[in-house]
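Two complexes come next, and they have one chain in common, chain A, joined by chain B in the first and chain C in the second.
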Partner chain A sequence: MEASISYLNLRDFSKVLLALSKIDDAVHWQMKRNQITLAALNSSKSGFATACLRQGFFEKYVFRPDPLQLTGFANETIEIKTQLRPLLAIFKNKLFESSSHPANAVAASVDDDTAMKRNVTVEQASFKLVTGRHNCNLTVKLSCKHGIVKTFRISYEQIESPHAMFDKANCHNTWTINSKVLRDLIEHFGQRTEELYLEAANDRLLLTSFTEEVVHNNDVLKQPTQTSVSIDGKEFEHVALTQGVPIAMSLREFRAAVSLADALGVDINAYYSTPNNPALFEIVKGPQQDVVVQIIEATIAPPDVNSKATAAAGAPTGTGARWYRSARTDGVLQQAATSRLTSMLSVPSPARPELNAITAAAAEPLAAADTSITSADIDAMPVEPEASVSWRSQSDNAAEPLFQSILFTNSEQQGSNDENRGSQGGGSISYYVDEMPNEEELEAFADDIDQDEEFGPTQRQDLQIHGIFSQSTQR
Partner chain B sequence: MFEAETTQLKHIFLSLRCIDFVKECTVEIYKKGIKFGVDESQSLDAHIYLQKPLFTDFKVGNISGDEDEAVYAFKIQLQPLLHCLSIYAESKDRMSSMQWDQPNPTGFMKRHGTRCIIRYHGKGDTFDWIIEDATGYKTTCELNTMEENDAMKTEFIASRTTVKVIMKSKWLYDALLELDNNLSDSLLIKTLPEKSTFALRSIGSISSTEVEYPSARNVLESFKTMSEYVHAYRFSLVRHALKALQASSKASIQIDENGLLNLQLMLLSPQGLSSFVDFKILPLNLNEGEDEQGSDWDGRGDSETDDADTEDE
Partner chain C sequence: MSCAGFLQSLACFFSGPMRFKTRISNLPTLSRLAQSLDRIGKFCWIRLMPETVNFVVIPEFKTTQVWAVVEIETVFEDYIVQSNAENVINLEVPTANLYKALRSATNAAHATLRLTKQNNQAILSLSTTWSGRAFGSNIVTHNIAVKVLSHNYVSLVKEPTVPEPNCHIFLPPLNVMKAVVDRYRSMSDRIIFSANMAGELELAICTPAAKIKTRWSNLQNPELDPSQVQDVSQHPSQMREPHEFVEMRLDSREFSNILLVSNVSRKVIACLCEGHALVLYVYITDPEDEHTAVLTYYMSTFLD
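== the complex of A and B ==
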């Protein structure tokens, strides 16, 4: 097998490797006639990532398998596994550019004399699988500027690649969002946060991160901190969610997926259904889908979900109220598409700030569209359109920030949300209140927190934060 | 007695920092300059030459002797001296590339106003550095001297050079950093006269890295080799040279017929003055038969001839 990647795609390749390294230390290569699939499975088998690079991604791709190495008869495949550390070291600290590129002509002359810039300009990388009596290795050759050639030989073992089974069609929760937006929001989660809860609540997607005990100055925070970010449905390119039980998964893989999508500059798609079924995050890049990265995570039901909330939201099987939104078809009432996964419904929404009357307005077209949905073979949807689709209620105003941090709730919030909920009952937010530390405990940490940068004054109870980007004390 | 005065404190500090990996340092005062030397595990020998032009005043006492002999020789500990110099020489730009010509906007100590007097009266006396700043801060550093026992003296005879390469330091620095990833024990240097290639390789447990340089003028300023050679050196010793490589602008690599590597680095000060750092490293496997590490380029044992590999070289 011989492949070479030009400088245009080398950066993407190194980002893919970086994402895979967050899943596991080793990567499986599955080389076929017209594509290479990289796969990584983590040690607890709860996270799996695969990156399929099709022939178009490579500048040159030659598949001349050594018969001794093949596995599979119908579809010739070579399957090997290598460590990721040497691969990452190869691509670290490198500039991927062509020296003949006009933009670099100026840069090159400056670079030579400003000493010690470690950036080495790589023009092309070629991969070769070398098999022989003595030398069995994956050879990576980087052709750099000025004719310098760096050769790296990494040893491999022949082992079967893992595969994951995932049924996209059975996922009734899906969304697509611009990765930069999502990445900026994810950054609000604490550094050592481990778990993530995804939940659809009231036309918004709620992401909550949960921290295990954090040691700070010899004190252990007795109550874990939760950070919640809720994203309005309008931020998504496409969203179709069922209000139901939140699902929990490891934040590490999710973060890796979001950073990769952001580095590649494309949207990120998510597919999941109910807890205990895996969740898929998919990133596709390239006109012919030359790069398809899928990260699959195991999910569980968060153990501490308030039963009241569950009852209000619907049975755990996910037949709670459903809501859809698609940016692509904004303003146009659309017939639902045939497949479950891609069904979208858009409610004609007037200019966003002025949505006072929408509750009534929305109900009607939705009711009309309701019938069309059921006829398009979707999960049976309970008829509660008012609750799920009423984007705004009368009390909302134009100044309401787009993203709310529901770290601290108070009665005002609950009150206004109650109006929103309609038939859902006012208890949906109550499960958060139970998690919040009470005042005495907070007081005990007040001094420490004051001085600390990470847990600073934003955590104090007297400061009401509404919105990540604004700190208004008035709701 | 010896007395010298200089204003090139920063340059001296950066030069001395390059050999700061061993506790004790040998100081030799010649008629034409000062030489600081360190050695490690009998296989590495490093020296810094600070020549007369660096000093505004250089007086070595009236001892007659030829120019090539050290007038005074003793040992000091380098760390305290470096700590003292760092007060004046160190600023925000630590490892950055712009260390030479960026003025320090926030420091009080103006570099051009710093004056340093170095004094040594004779055997038994302390080695004194008196540094005075334009604003009036004065630091006196008196270093206790120790007797110099026979330091390792490796002789490098220029006539027996088999490989000589001159290149820009940054290429060599970059190559060594790449090679360091493998956590391997040894560094291999290979030269091929036919193809005019100069290659460095390190072999680790799971991967091996090789950097090959073409004989292009802008990379290798000069390249001479008598025939095909492969030499091996202990990587931990070569690693000591990394700091010096980072500070220097040009590197000259010479290997003699015994395999002794002589790495000479030139550090340039912004005023155009230069000092030289010199590393002499003994090769691995002096062919006494005991060391089976072997300087074979491909890292295999020197066993059977290899079958046709599917690798096309």
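== the complex of A and C ==
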């Protein structure tokens, strides 16, 4: 296998590697005829990231596999694993900062190409998998300015790549947002916090950073600040959420996903359903989807809220109100229903007809010792766009603007009321605020002690929130 | 905090409807104030009263304390405080969390601070509103765990009393002094701070390796207010020979930390009580402002 990346895409490549490094120290390479997929699975098997780089991403891509290296002959694939640290050291971010900024790359025309090249430190990076008898390594060559060529040889291990399977069809919570907006908002989270809760409430998405530290009474002040960010539904390009059931996940992987999306300059899509089912964050770049990064995280129910919420919720999809920000309804699901695999290891399964890209489907259960995290029995097609819900297919919504105004949404909701169960919560009370939210809205997020006579345990924060939900769903 | 203190603070939870809520009108000032408090110690006692707010930091094992009195109109508006104890609420707040929360709120459209409770834990909640791209509004809320202190507990803590100062002088701009003190800090643990009633100030270090002196002249000495002092002419500062210096030895690191308040300070008066303490009155408002806010730093001096 030989591949080379021109300076235009090197920055993106280094950012992808950086994001993968936050998941694990090692990266799996899966090389096929027209793409390379990088994958990383963390040690507790609670986070998994994959980056699929198609042929269009590379300046040159040649796949002439040595038959001894292939795994499976139906679809020729080479699967190896390398350490990430040497790669990160090679693709140091600062080499690419000024040179191949996405904005510059887009603006440059063919004539300006040479002009741009003058500013570039590294003109090209090439990869070659060397499989001699004596030395097997992945050779990386950076062709730099002034004719300097830096060559690095990284050892690899031939081992099967992990796969996670994710069923986008059964995710009734999805949203898409501009990554810069999201990144600016989660900068408010403190550095020490570890967990993230996602919750939908009143046409807003609430993200809360939380750390469950065992706090001794005397040291209650050492608890880190808990920060909540409430994002207005209008900020999203697309959002469809069920109120009432919050999910919790590790903040680290989420931050890595958002930073990567911001570095690539594209939107980030999220798919999740109920707690204990994994959540998917997807980042897509390029006109032919040349770069597709998916980060899957295990989720659990937040400890304070779980028993009451899930008991009250009843059906797994939650009985809270659903709310939308685009005209797309939930009916457009073309995902083929595939069986759920719960087996432990890399068992190659027969290739499904829709999947022409993936051979071995190894279900790695995202299980931990904690019984509240169940195994990841999820199906996925990490690469194929047509059958998934998230892609903005041009045919569906050609006339649909991305940003919705108040007028638009209210009429849409009235229209779609008939199809759905209708308990929107947005009908009578308008939560779309154009200026500073008023008193009532702020009250929704704080337990004003005015309401309890005694600072006693009767009025708890979580009960307050559910009280608001019952008002909105009971009409 | 001792165990007894904690129990007393718990007792305070059940004493009645306590309410604190305010909007922050001057976030930069409050944020820089929190930054300078963060440098002095880890926990701050905030005393919320109907007209003023006190910020007190008394770190353990340090020679410095700060007692700040801020009239609410300088940084807050729509300020409400209610409690059973004459509408005074005492909180113990971790300074680092407070500072980081305030700092993240810069450029927010609105910021509100309030006292709430979550899972039996008292929380100081800072809510800020940001206008988003698509005319939506995003709300960021920071919840800082705090302790509510009882009056029995805080009555044990008293502002230090110092004798009448031998000398008082208006300091030069603090950022200039800070640059000098930062250099000294890396060379010596002790700084010799001297001033006289003729408008001269000197900062010096004296180590086996080097002796360095920095002197400012033509500074002002404040006039004593006859309404505060019984007999001005008998005041120790007036009875001295004007050119005679009063010398004090201070810890250089702590002095450098104090000078970080330079980012909000307007006028600073230093009062030297020989052999005892240095008191700095740092005004963060101008004299012509309707409301005042002043931080008082007490630094014990060394005899060695």
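One rule holds in what follows: the second predicted complex is superposed on the first by the 273 of 475 C-alpha atoms of A that agree within 3 Å, B and C clash if a C-alpha of one lies under 4 Å from a C-alpha of the other, contacts with A are read in each partner's own complex, and residues count from 1 in each chain.
What we mean here is this: a contact is a pair of C-beta atoms (placed from the backbone, for glycine too) under 8 Å apart; a residue touches a chain by one contact, two chains touch by 3 or more.
Since the model is a prediction, treat every value here as computed from it, not as a measurement.
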Discussion item. One more residue to check, A:Asp66. First (chain B), second (chain C), both or neither?
Written reply: first
Worksheet item: Which partner reaches more residues of chain A, chain B or chain C?
Response: C
Practice prompt. Identify the partner contact of A:His188: answer first if only chain B is touched, second if only chain C is, both if each is, neither if none is.
Written response: second
Worksheet item: What is the contact status of A:Lys150 with respect to chain B (first) and chain C (second): first, second, both, or neither?
Response: first
Item to complete: Figure out whether A:Gly233 sits in contact with chain B (first) or chain C (second), or with both, or with neither.
Response: second
Fill in: Touching residues on chain B, where the partner in the complex is chain A
97-98, 169-171, 173-174, 177-178, 181-182, 206-214, 216, 218-219, 246, 249, 298, 300, 306-311
Discussion item. Give the list of chain A residues in touch with chain B in this complex.
Written reply: 66, 83, 86, 89, 112, 114-118, 120, 128, 130-135, 137, 139, 146-155
Fill in: Touching residues (chain side chain A, partner chain C) in the complex
178, 181, 185, 187-188, 190, 204, 217-218, 220-235, 304, 403-405, 432-437, 441-442, 445-450, 452-457, 459-461
Worksheet, complete the sentence: Counting only contacts in the complex, chain C reaches chain A at residues 1, 3, 6, 13-14, 16-19, 21, 43, 92-94, 97, 100-101, 104, 109-110, 112, 114-122, 125, 127, 129-130, 132-147
